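Each of the two complexes below includes subunit A, the first together with subunit B, the second together with subunit C.
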Partner chain A sequence: MNFSLSKAQFFLLLFIIETGIVYISFQTPLISVSRNLAWVLFIIAGVIHYLLIIFYERYYAYFYLNTFFQWVYKIYWFSISVVFIAYMEYVLASWVLPQTPEWVVVLMIVLLSLYANLSRPETVINIGVMLLPIIFLFIVFLMLAVPDLKWANLLPLEFDNPLQIIKGLNHSIYAFLGVEMYLIYRPFLQRELILKGKPLFFYQQIIFVFYMLSVLFTQLFFTIDEVKLVPEPIIYILKSQEVTFVKRLDIFFVYIWLSWSIVTIMIFGLSFRVVHFVKERKRPKLNILIYHILLAIFPLFFIQINRIEVIKNSLHYLFLIFTFFLPTVIIFWNKWRGKKCIEKES
Partner chain B sequence: MDKVELMMKSMQKAFYHSSDFTIRQIDWRNRSSAILCFYASLVDAKEVQKILDTIYARLDTDKPFWSETLVSTIEHFSLPQAVERICKGETLIVLPDTGEMLSLTILNKVNRNPDEPNNEHILRGSHEGLIENLDTNLALLRKRINNPALVVKSFRLGKETNTRAYYLYMDGVIKPETLQELEKRLHAINIDYFYSIGQLNDVLEDSVLSPFPQVLNTERPDRVVANLVEGKVVVMTDTTPTALIAPVTFFSYYQSPDDYNARVLVGSFYRMVRLLSFISAVFLPAFYIAVISFHFEILPLELSNQVKGDVNQIPYRPLIEALILEIIMELIRESSIRLPQSVGQTIGIVGGLVIGDAIVSAGLVSNLMVIVVALTAISSYVVPSMELNTTIRLLRFPFMVLASLFGFFGIVIGVVILLIHLINLSSLKQPYFAPIIPFQPKEAYKVFIRSPYIKPTVQVTSFNPPKDDRVKNGDTP
Partner chain C sequence: MYRKGILVLVVVLLAGCWDERLYKNSSVVTLVGVDGTIGDYTGYYAYPKTTANQNEIMIIESTGLSPRDVRNKTNLKIEQTLDLSELSAILVSNDTVKAPLYDILDIYFRDPQNPITIKIAITEGEVKPYMEITKNLADSAGGYYQRFIESSEENTIYPKLDLQTVGSMLFDNAIDIALPYIKMNEEENRAEAAGVALFSGQTFTGKVLDPKQSLIMLLLMKQASKQARLTYMWHLDGNEIPVTSEVIHVKRKWTVNEQLKTIKMDYTIEIEVDEFSHDKLYKDYILDDVQTMIQNKVQADFEEVLKILQEQKSDTLGIGRHIRSYHPKMFKEDWHEQFVTLSLEPKVKVKVIRTGVLR
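== the complex of A and B ==
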């Protein structure tokens, strides 16, 4: 596949992938497990994330995927997309569309991804730009909750339970799900552009502050016992805000999150294309169509509260494997062999 | 039958014995004969006679270049060439003895005045408009750009109609690939009859089936000039006052000469109002349908009670209600365009006030729906471009259907489809949604704000890579 990315496009792509779906929900397991420590652990997770992207930046050239690992990642992203679509349908059914058949919602989401992925790669890469103003709006309306925040919820801090800290860290770092895409898209960056130093630092600051706000707001708005009962705390915070012109503000934000998540699904599709079409393949459109047909069928098996909960509670383990373990192994194995991935012409 | 008679017969045959084709035998010097032929409908006969008298006088003095004047020239005779020249409106004097023909270019042009176009009114600035004559139009443009870098290239459209057309660009400002793409498309035109600007429009568009126009139509010379100096190419024909401009972006349609003639704040404000009108024109009816059909709970209690009371009186779904009103609105619009201006206004009053009031009293639609549709109509007419105006009016129907099927979810689906489509679109291979996508932060604000001319040396371009922004007027022609 032949395309090139500017710095802004690259970071926007990464931002959407990382925040797209988990933004409204990762706070619940994090705070449930780590209690008052959640915000401290999230700061540590932020540092780990920064170190990770620095590591990726240094060694991305060695992230060469052979056919086996290509399929491993393709299956991983496909599974993540399936779970995310199921989760999106579940959230929509709980908040706004209880009567609409599940398959209709899933089909609509998948059709949008299909349309985007049958277009040029630039379409998927650039569509995230349109989300920027609405994400900004999201944050502005979230700020309406500031008077309701109880700052005492941040304390006390207890560091005497290592298991709690490890579990909390695990759930914190899960916020950055999809960060391994850095390695996939980095070779497509225009050659003359440099990411080391300031650009990486600024990106880290933006995504960290964006996530930290959500963790702080959740922790300060709810008591720890309440958080366990609220699966999408950010949406709930918005629901509790009263403005004169609209009674249910949360409905708008569910749809903002939905469009944000749809774009994330499109980017996962694009990542599948990038890896799948490294080799010239016959009938590329048919391949993309088959991917989306499967994407429309599989989520239907997961749209049940129990299954969604089980998957949500185990995704962070998968994340550890595919974001930390496998890239490290692949990078050092290729470095030892001296095998580099082909850098794309800008 | 002598040579002259034979020639006259063959020429009459070549012009199918047309009634307005005039052919006569006239005396020439040394007792020879010549053939005078022209289309009476295209030639100013008095002027031809004057020029002929001049040429006779020059002949008598035996001047070596007796035939060469500003409006006359001599060349070898060939029937196809003679036919072509006469069709263009020239007068020919065929000299059978020497095998030459003298052509006189004295056209009897029927032109209207270059008045301001009816569909592109502005408050301040030039009130001139293009007309159905290329030479006048070129004069209007050259008057504004006194620079040889304004390049005019001619071509012909239609094998049978042989219509004269030009494309214009500013050398040094236009991107070479844009020019190359345009020339490729113009060379590929293969039509017999050219009779409508729409034929040319279709050839120049990258995606003919898209609802969005990718070529800007204008009848204003000032708008043409503004686009030329931004590096765009303009195509004009001899049969219509419309100039086609490409490549353009979606946001080009929201710019009006008034923005630049007005003061900075005023120009910027109205530009933003126009852009917001796109949102209300496309989404307002869909939003209303979604709220009434799916998301009543978002309305504040006081408004909710009132709306419920209103809507409960209507016997059918909000979509049908909206469609009835929208179709009535389209009928009123269409009828007022076809009728004379004075009657058109009456139709507007009858349609808007009488039917609007009666339809609510009859309980066919609710008051709120009338407000929504009226606001939508007003918003759609804010666009300074007729092509985008029609696009917007069409677009709201699929959004209304999606909203009635899925509520806000339907609107989200529609918006994502619309965005993907807009991102995929291009105009002469240039991105249509620029500078938002691909995002150019330094250019994006210009979509919303009319910048002041406090940096007069910086030339604005539409699809500029950063380098172009540094191009100065001193360098650009």
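== the complex of A and C ==
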């Protein structure tokens, strides 16, 4: 595939994919496991995330995927898309559309992704722009909860349980799921553009502050025993706010989150295309269609509370493999062999 | 591409078909009453009905095993399904809350269609008469109790709570709730704010603080609202003169001694004199005397309320939260037992900072 990205497009793509689906839910396991330490561990996770993208920036040229690893990542992204779509439908069914058949919602999401992925790559890349004002609006709504926050919930801080800290860190860093896309899209950045230094730092600060707000609000709004009962705490906080112009602020935000998450699914589809069509293939549209047909069928098997819970309790381990372990192995293996991926012409 | 766009749009629009809910098909409930205990609940639902160009508030009653079962049974009796999305208040009888409160609240938190910014109050005796008095209202039944509770919140009689904040505190063993308590004024056939019902954990202790004690408790909690008025008698030359003052600011500092298990609770209360029928308040010796009198009275009231809270194992001030956050070694999971053993030493300083538009 041939396309080029500006800095803004690249960071927007990365921001949407990292925040898209997990934003409303990762706080519950994080706070349940690490209790009052959650906010401190998330700051450490932010530092790890920054170091990781610096590492990616330095060695992205060596992230060459052979056929085997191409399939490994394609299967991973497909699986992630499947479970994310299942989770999106589950959240919609719980909060807004309890009577709507599951297949209708899944089909709706998949059709939008199909539409975007049959179009030029620029469609998927630029569609995230429309989300910026509504994400800003969401932050404004969240601020309504400030009077209900209990600052004492940040304390006490006890660092005497290493297992709790490790688990908490794992759940914290999971917030940045999808960060490996940096390696996929970095070669498409226009050549003359430099990301090192300030641009990377500002991007990291924006995403970190955006996530940190959600962790702080959840921790300050709910008691620890209470948050264990609330799988989507951010939506619940918004449900607890009363405004005059809309009866249920939570529904308003669920739809914001839905559109945000659909764009994430589109980007996962685009990533699949980027890797899949490295080689010239016959009937590319049919390939994309088959991918989306499977994407419409598989999620239907996961839309149940027990399966959703199993997935939520295991994704953060998968994330470690595909974001830390495999990229490191692939990068150092290729560096040792002196094999680089081809940088696209701008 | 145009056709694909149309197809996508049609699919998006389809999603609303199954979940369409029209008000014309629903009985929009604004007030719910709950009596009884698990296995034998009685529920009351108040909803407006228009008959012959006249608005009327209907009250319907059902029994069932659980709050949800009661609602299901009620649906069997009416021509339109109950819709609680416009609910404004829940009334619960004092006998019902002797069992864990969350038992009756779970359905309100679990179902996203139920609002959780609503008010909750405890009634003295059965809920039914409190529901019945709303029948003749021109406005909604729930709206009446919502305004009733909010008005007492502004007068610093009831703490500012809604269902969400109540639920949040029910899951925290380091703080207890105090809910609005309403009694029936038989002569006037109207509800009357009777103070707050003290809870220990999820259950009602049976103790109710009267409105004056409730106000003192809220000052201890540093939650003086728009109006917080204290009235005491000032003795001068054998005469009794009422002095009413309004609380302007409350400053609080708690000092914990972990070894001695004592908490020094220093309060500085700044007040404005609202009523003083004797003149010469501008004279220092009179102002000092009035100030000292109010200070001593408030000191005594603080001690009395703290004693009641400890007797009832009801930490409505959130001392447990403070200890857990800033003195974690001192905090124990069975907080209520530990709370009773603490030595709480309030010390109040009252300052008159204004005297109204008169000297």
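The criterion applied here is as follows: the second predicted complex is superposed on the first by the 346 of 346 C-alpha atoms of A that agree within 3 Å, B and C clash if a C-alpha of one lies under 4 Å from a C-alpha of the other, contacts with A are read in each partner's own complex, and residues count from 1 in each chain.
Rule of thumb we're sticking to: a contact is a pair of C-beta atoms (placed from the backbone, for glycine too) under 8 Å apart; a residue touches a chain by one contact, two chains touch by 3 or more.
Values in this document were obtained by computation on a predicted structure and should not be read as measured data.
In the overlay built on the shared chain, the residue A:Lys247 is in contact with subunit B and with subunit C. In the superposition on chain A, A:Met130 contacts subunit B only, with no contact to subunit C. Residue contacts after overlaying the shared chain place A:Leu97 against subunit B and subunit C alike. Legend: residue contacts after superposition of the two complexes on their common chain; A:Asp225 is shown touching subunit C, with no touch to subunit B. Shared-chain residue A:Ser259: touches subunit B; no touch with subunit C. In the superposition on chain A, contact of A:Glu280 is made with neither subunit B nor subunit C. When the shared chain is aligned, subunit B and subunit C each come close enough to touch A:Met108.
When both complexes are overlaid on chain A, the residue A:Asp160 reaches neither subunit B nor subunit C. Residue overlap on subunit A between the subunit B contacts of one complex and the subunit C contacts of the other covers 96-97, 100, 104-105, 108, 112, 115, 119, 247-248. Put simply, subunit A touches subunit C in their complex at residues 94-101, 104-105, 107-108, 111-112, 115, 118-119, 148, 150, 152-156, 158, 221-223, 225-226, 229, 239-242, 247-248, 250. Contacts from subunit A toward subunit B in the complex involve residues 6, 8-9, 92, 96-97, 100, 104-105, 108, 112, 115-116, 119-120, 122-123, 126-127, 129-130, 244-248, 251-252, 255, 258-259, 262. Contact residues of subunit C toward subunit A in the complex are 1, 4-5, 7-8, 11-12, 14-15, 17-19, 85, 112, 115-117, 162, 164-165, 167-169, 171-172, 321-322, 324-326, 328. Touching subunit A in their complex are the following residues of subunit B: 294-295, 297-301, 304, 406-409, 411-413, 415-417, 419-420, 423-424, 436-439, 441.
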